[in-house]
Amino acid sequence: MELVISITVFVLAAFVGFEVITKVPPTLHTPLMSGSNAISGVTIIGALIVAGKADSTLGEVLAFVAVTMAMINVIGGFLVTDRMLEMFKKKER
Amino acid sequence: MELVISITVFVLAAFVGFEVITKVPPTLHTPLMSGSNAISGVTIIGALIVAGKADSTLGEVLAFVAVTMAMINVIGGFLVTDRMLEMFKKKER
Amino acid sequence: MIIGIPKTTEAGEHRVSLTPDVVARLTKEGHEVVVQSGAGTAAGFVDEAYEGSGASIGDAARAWSADVVCSVSFPSEEGASHLKRGAVVLGMLQPLDEPGRFPALASTGVTSIAFEAVPRTTRAQSMDVLSSQATVAGYQAVLMAADRLDKFFPMLTTAAGTIAPSKVLVLGAGVAGLMAIATARRLGAIVSAFDVRAEAAEQVQSLGARFVSVEMEQQDSSATGGYAKEVAEETQAKILAGLAKPVAEADVVISTAQIPGRPAPLLITRQMVESMRPGAIIIDLAAPTGGNCELTRADESIVHSNVTIEGPTNLPSMAAGDASRMFGRNALALMKLFLTEEGLNIDFDDDIIEGSVITHGGAVVHPRVKALLDGGGN
Amino acid sequence: MIIGIPKTTEAGEHRVSLTPDVVARLTKEGHEVVVQSGAGTAAGFVDEAYEGSGASIGDAARAWSADVVCSVSFPSEEGASHLKRGAVVLGMLQPLDEPGRFPALASTGVTSIAFEAVPRTTRAQSMDVLSSQATVAGYQAVLMAADRLDKFFPMLTTAAGTIAPSKVLVLGAGVAGLMAIATARRLGAIVSAFDVRAEAAEQVQSLGARFVSVEMEQQDSSATGGYAKEVAEETQAKILAGLAKPVAEADVVISTAQIPGRPAPLLITRQMVESMRPGAIIIDLAAPTGGNCELTRADESIVHSNVTIEGPTNLPSMAAGDASRMFGRNALALMKLFLTEEGLNIDFDDDIIEGSVITHGGAVVHPRVKALLDGGGN
Amino acid sequence: MSQELSALIYLVAAALFIFGLKRLSSPATARSGNQLAAAGMAIAIIVTLTNSGISAWTIIAGIIVGSGVGAYLARTVEMTGMPELVAAFNGFGGGASVMVASAEYLQNPDPAVQTIVTIALSVVIGAITFSGSFMAWGKLNGKLPGQPFGYPAQKLIDPLIVATIVFLGVMLVLDVGGSFVLWTLLVLGLVLGVTRVIPIGGADMPVVISLLNAFSGVAASMAGFVINENALIISGALVGASGLILTNIMVKAMNRSIANVLFAAFGGADSTGQGGTTSDKPVKAASAEDVAITMGYARSVIVVPGYGLAVAQAQHVLRELADLLEAKGVDVRYAIHPVAGRMPGHMNVLLAEADVSYDKLFALEDINGDFPRTDVALIVGANDVVNPAARDDETSPIFGMPILDVDFATTSVVIKRSLSPGFAGIDNPLFYNENNLMLFGDAKAAMQELVKAVAEL
Amino acid sequence: MSQELSALIYLVAAALFIFGLKRLSSPATARSGNQLAAAGMAIAIIVTLTNSGISAWTIIAGIIVGSGVGAYLARTVEMTGMPELVAAFNGFGGGASVMVASAEYLQNPDPAVQTIVTIALSVVIGAITFSGSFMAWGKLNGKLPGQPFGYPAQKLIDPLIVATIVFLGVMLVLDVGGSFVLWTLLVLGLVLGVTRVIPIGGADMPVVISLLNAFSGVAASMAGFVINENALIISGALVGASGLILTNIMVKAMNRSIANVLFAAFGGADSTGQGGTTSDKPVKAASAEDVAITMGYARSVIVVPGYGLAVAQAQHVLRELADLLEAKGVDVRYAIHPVAGRMPGHMNVLLAEADVSYDKLFALEDINGDFPRTDVALIVGANDVVNPAARDDETSPIFGMPILDVDFATTSVVIKRSLSPGFAGIDNPLFYNENNLMLFGDAKAAMQELVKAVAEL
């Protein structure tokens, strides 16, 4: 049953994802991609949880690499998106 | 935890609901209302389940009333919506 | 009934009272139409065209002695001599400007109907010759000005420099004035206009032109059938002061301000003319009633300090074809009020008939004309 | 340098070669400008205006004896007698139409420059007097037609019936023709046009008018500097056949078809005129070179079977103010090619100078004019 | 059927609801959307029946009776009675939720705190939906007075009921008081539905129904919490959220706020629509979107321009609108009345400026016969020239003037700023016609909105 | 923190992601959207840390190293290097999913079938994302050849790999073969990422990255299934779905299909853009949406009309566009070149027809000085009159003709149907300028699209 509930959640979230991005102007394609890429860094949560319970050295190494990679994705992703979007500030009149 | 998952599902479904109805032209207000009203007749499922396990007379009466009402809502709702929408058929050229 | 279309003898008048398309409708309804030979030629309608519409061609005597004589203007002396007692004569008879001619006409025993006296009600719009002919006049006035002006109306950016658009000022935003505004705008001029009536501003702007606002009391003309009244002396001074600058800046002034039965208001003084640039043009459509410009002379072209002042009195005649077409439609609508299968039916209960009949049964019956004849003024 | 502006003596010519705004630029650059008294008055530029721009007013002799004489047309006999040896004379000298006048001019030792001979290259556009004056002519032609026509150009729906719009046909879609199309469209007419050059169709449509297509070989004019060539006999017959219906249906025909140095092509035969409705008008801008209509006579107004045929030869002069302004700008651009601080610099390496100088150093130097004089034809 | 499988099938049904709702919000797909949703419902019902079996008579009887009644009502109702029928259906839905929660409670009279809370929510919300919907039904079919009204105690009663409900809710959470509390809540919900809806005017009922529809969705969702069934939770939440959005869209289209609709009777806010009315007869004020749909789906439109078009200088936008419609395959023509505007040929000048081709302009006598075969007559800033009084009312001062017979078109739409008269200064009966829509506003602004709305069709 | 509470907080984080994504899709709100999403992420991380404790060195070190590297890269990258950086980040995300699933597998080497399936999915998808993203990174920064190319065996290799992956997947489900199968899957995923991306041209990399981004979302979601964490499932599904849609939008904007992008190297489809090029120099072809944004957010626009405007009879649409821009506060003027068009005053006639006010028309000498202070010069169907060769190139046949200095504006946009020359018949260097955009198409059609796009800003 757990799996079914997970699938339910997955499907609903996918619906939300589909609906949310309706019509993006081409100039926003790159920032939007970059921003959603940063969100996909949510694996960091998994990485942290796995890291918390790692018990072998291999496990620890994997966990460390996972946390590092995910963190690069998250921090770098949000920052670079912000920099891109800075350029969109409406020119002052 | 069950409750939390139910809430999660509720929230996600609500998001989908919000997103799905974005810009409806006024002429469709009534049919859309009527159609979503029919969908809210989904209580029929609850009614059927309850009816299936009713063990007291009171319970049976309640279940009967619940099924009847829900069924009116469902059948009537979809049919009347369909009738309304029939009028929208594009006039032939 | 026999309807006569005499040929106009006045100099410079090219119009004809009924055009072949209107004649065709009358003959189809069983009336007989007699056209004086050559009556429509100057307007582009040859005798053959009338014959094609079922009319017969005749001489002046035949045309004038019809049951209903539809004339462009007041009957000539010769024409009047042929008129049949009890007949109806209709045309632009100038009842208020020249009332003195009516007693003689009355004595011939005809019922005379003046288009100028048709009340300007909604129902009478299709008989409103003043409007239809003013439409032509407003259009023609702008063409006259554009043709004679030494520069372009529109702005043009060319390899030989940028030509500034002309400035056209229209005084009086009645039917002719509005048409002048529209035509000048079409040609690309910068147009502004002035009128004393309160509702004129919106109408001017509805044609995309600027309204020249002068600080003064605006007139409400709803009580006077849409016509303006003479203004008080004080207001007059304000108007002249307010117009000084717009006139001085204009390349073309088209003035159309008139007050029925009164001399035209003075809007352009000699001094204002002298303030204009060499080569500017004034077309004064109010020339028949004295002109809006101090220097205007009817049917003359005056040049004063390098400014040309034209005082045409019969511009509609310059587009005689369409002017006649419109005149004829108006006349047909009016005739329908009294032309029946059986005969003439002059019904004084009809407000249009009541307002427009000047003489009937041997007497002058129109109250305002009678008053003028009696020396009572307006 | 001294620049002279003589007064034109030709009848009906109101233009002046340089206007005060151009004079101001010349005097600012240190040149001296002498204006013959009254030279600009007819175009709306009084002597005082020239003085205000830094020019001095003088008599004919002073103006004609300047270093550079800017004339509208060919020097009058009197003017030529004052010309200084080595001076430059520029103007519309009609080198191909009247080559015979040049040997005498050459003998006075002046360098004469004809605006008509300026090559039509991109760089020369600002000196293109033919274009600028044709612009005026096309505009004026439409106004002339609209003013004289017996009906409205635009469609009007009124209480006195619906007036159909006029049909205007433009023959020859060069500069004047295109301007005529644009102006007639502005006034609300239904406009169609015809030309022999292949690219004309798109240009006509770019002004919102309809192109009359005649099944024939279209000309590619890119090799001939944009000008059309004479057509073969067979093509000519096709053209006449193709134009028969559009001409018969037109209320107004404005014809502008010309071929440099050749008589204007015949596009409207007598028979076609007779097929037109009474009251129709033909304005033939090709009148100077014989006219596109068989019946055209230069500077006359002919009425044939109730159709009026006008053959104006100098329409730009009717809008003398703006025509002169454009002429002056063109002349200024051309003069800049040889007017230097130090003196005159006639540089035959410049393709514009090479193409437009007719006489120089006492001889006729322009090859085509020379050929004409030698009887070699074109 | 395994629990997993049926849960997955419920998910499919929920997905069908979502797709159905999506399609319902565009005219072109609405009908298929409704059918999709119905299919989803059918699937859900079949799965449920397969699982729980058609054991009880209650199920069979309920399904037969319910389907029969529902189908009968839906088939026989008049077009004009549809809104009230929807209200009634909605009430049944709310009632069903109450029943489900109550039945569940009866079977398990001492549930966990969180269950009793959801039961209570389901009961209260369901009860409000039930009684409120039937109030709306009564208002719409005239069994109850339609005007908005307030009664003196109203300001007190509603807050009192709400406060009691909250208090009882807290009691339930603290686990004091037994079934009595729940039944009291049921009654209070019923009462609140009545007192809250009854003062609202009949014209605002559609909004009320939409809101109650959202409520019934939430009630269904709560019922889902109670019996722990995701299908109900999802579908209920879906309807709840989309209903809320829809309510908001409707209210915005009326230029109001939800609060203003619900409580207008207090402030006495005018709910009869915009525009300075000179007459007490009702006119149908339409929104640009309404008009856009009417025209976008028409075969033929005749535009009647008048003086207002000139005043607003809206000729270019008009042309834009016509271009758009033509691109959609609508046949657009212009009917020019001889005296439209303020000078002869005024409309010609105006339309020429916008470069409208002469072929599309028709004089009165040439086009008047076509109005009965025309879907929409769009009257832009004209008034006197389309006044049927000139044709029908011998006492009218303009009787006898020929007019454009726009009232013979299937629908006429008038764009002007108010109901005030034109040049002739007389009232225009056209505005009060059954098949006439008023689009109030400056002609230019209104048509700019129309252009937008038509482009979005 | 109770499990329930943290689950609720994760839900809040997920909601913030949703809101963030929504706002990211409109220029006006994009930046705040990104910040919202970042806030959601911060909340999620803090909750996780609170629950699992910052016990392990791996956590602290990983966070410090990861944040440092990420921040450093993001801060120092050149504007032009951003797309490749995004590719790299995406690769790291995919890698992390692989690691999480692997680590989980190591800790529990014999999980239930459904768990092993999700682990395998996470590993394969994550691996494809990882290697594919770094291929894209290499292509974009030039470390790998940018042109699209195919190698002979390619047609065979990819299907083979995919088939093997499916086969191994089936083995896992049937529970045959142990960890070996998983590690093989990992390697195959890595290989597939390389072989699939490497033949695709550099110009199409943005699309590839977007698609891989959707993959990394799905991978994260699968990781969520593995460790049974709804937060991951939701966010991953969100990114997966929106990434897919975004990819689709991007591909549509290029008038291509996803398949065409992915497999173009086979068919040798041309991916350099539209327009019949007469020269080999590159031009920037823009879409109407691009131009709309450029103009909509500008302060000042100068329109340069030319003969093409007349040919297209697009004067009315031009005026509409200008009205729209002005309504958005943009200053719009028209620069009229003395010989634009084919007759003196051609542009005046045209613009007068569209009723453009004379105040907005400027002659060459009056406006030429303003171009350097102008954001956008919009050249509609003009060519020769804006040809910088007339100013700069002494050998040009049109040298010496005054031109409008549109190339001095911040951006110039040229609307015409092709790169073919104008009246003078010579090529125009303006088209190849760094700051010039070409909007190819008939002037009327192109501006109608512009109008739509500007209206939607």
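Order of writing sets the labels: A, B, C, D, E and F. Residues in every chain begin at 1.
Throughout what follows, a contact is a pair of C-beta atoms (placed from the backbone, for glycine too) under 8 Å apart; a residue touches a chain by one contact, two chains touch by 3 or more.
These figures come from a predicted structure and were not determined experimentally.
Touching subunit C and subunit D at once are the following chains: E, F.
For the interfaces A-F and C-F, the C-beta contact count is higher for A-F. Between subunit A and subunit D the centroid-to-centroid distance comes to 74 Å (mean Cα coordinates, whole Å).
For the pair subunit B and subunit D, the distance between C-alpha centroids works out to 81 Å.
Inter-chain spacing, taken between the CA centroids of subunit B and subunit E, is 18 Å.
Touching two or more other chains at once are residues 125-126, 131-132, 135, 154, 156, 158-161, 163, 186, 188, 208 of subunit C. Contacts with at least two other chains are made by residues 3, 5, 8-9, 11-13, 15-16, 20, 22 of subunit B. Subunit F has residues 18, 230, 234, 338-339, 344-345, 349, 352-353, 355 in contact with two or more other chains. Two chains count as a pair here when they touch; such pairs are A-B, A-E, A-F, B-E, B-F, C-D, C-E, C-F, D-E, D-F, E-F. Here subunit F touches subunit B in the complex through residues 3-4, 7-8, 11, 15, 18, 230, 234, going by the rule given at the top.
Of all residues in subunit F, those touching subunit A in their complex are 10, 14, 17-18, 20-22, 24-28, 30-31, 33-35, 37-38, 40-41, 44-45, 48-49, 52-53, 55-59, 61-63, 65-67, 69-71, 73-75, 77, 79, 82-83, 85-86, 89-90, 92-93, 95-97, 99-100, 102-104, 106-107, 114, 206, 209-210, 213, 216-217, 219-221, 223-246, 249-250, 253, 287, 289-290, 292-293, 297-299, 329, 375, 453, 456-457. Residue ranges of subunit E in contact with subunit D, taken from their complex: 336-340, 344-345, 347-349, 352, 355, 358, 361, 363. By the touch criterion stated above, subunit F contacts subunit D in their complex at residues 307, 310-311, 313, 338-339, 341-346, 349, 352-353, 384, 390, 397-401, 424. Residues of subunit F touching subunit E in their complex: 316, 319-320, 353-355, 452, 455.
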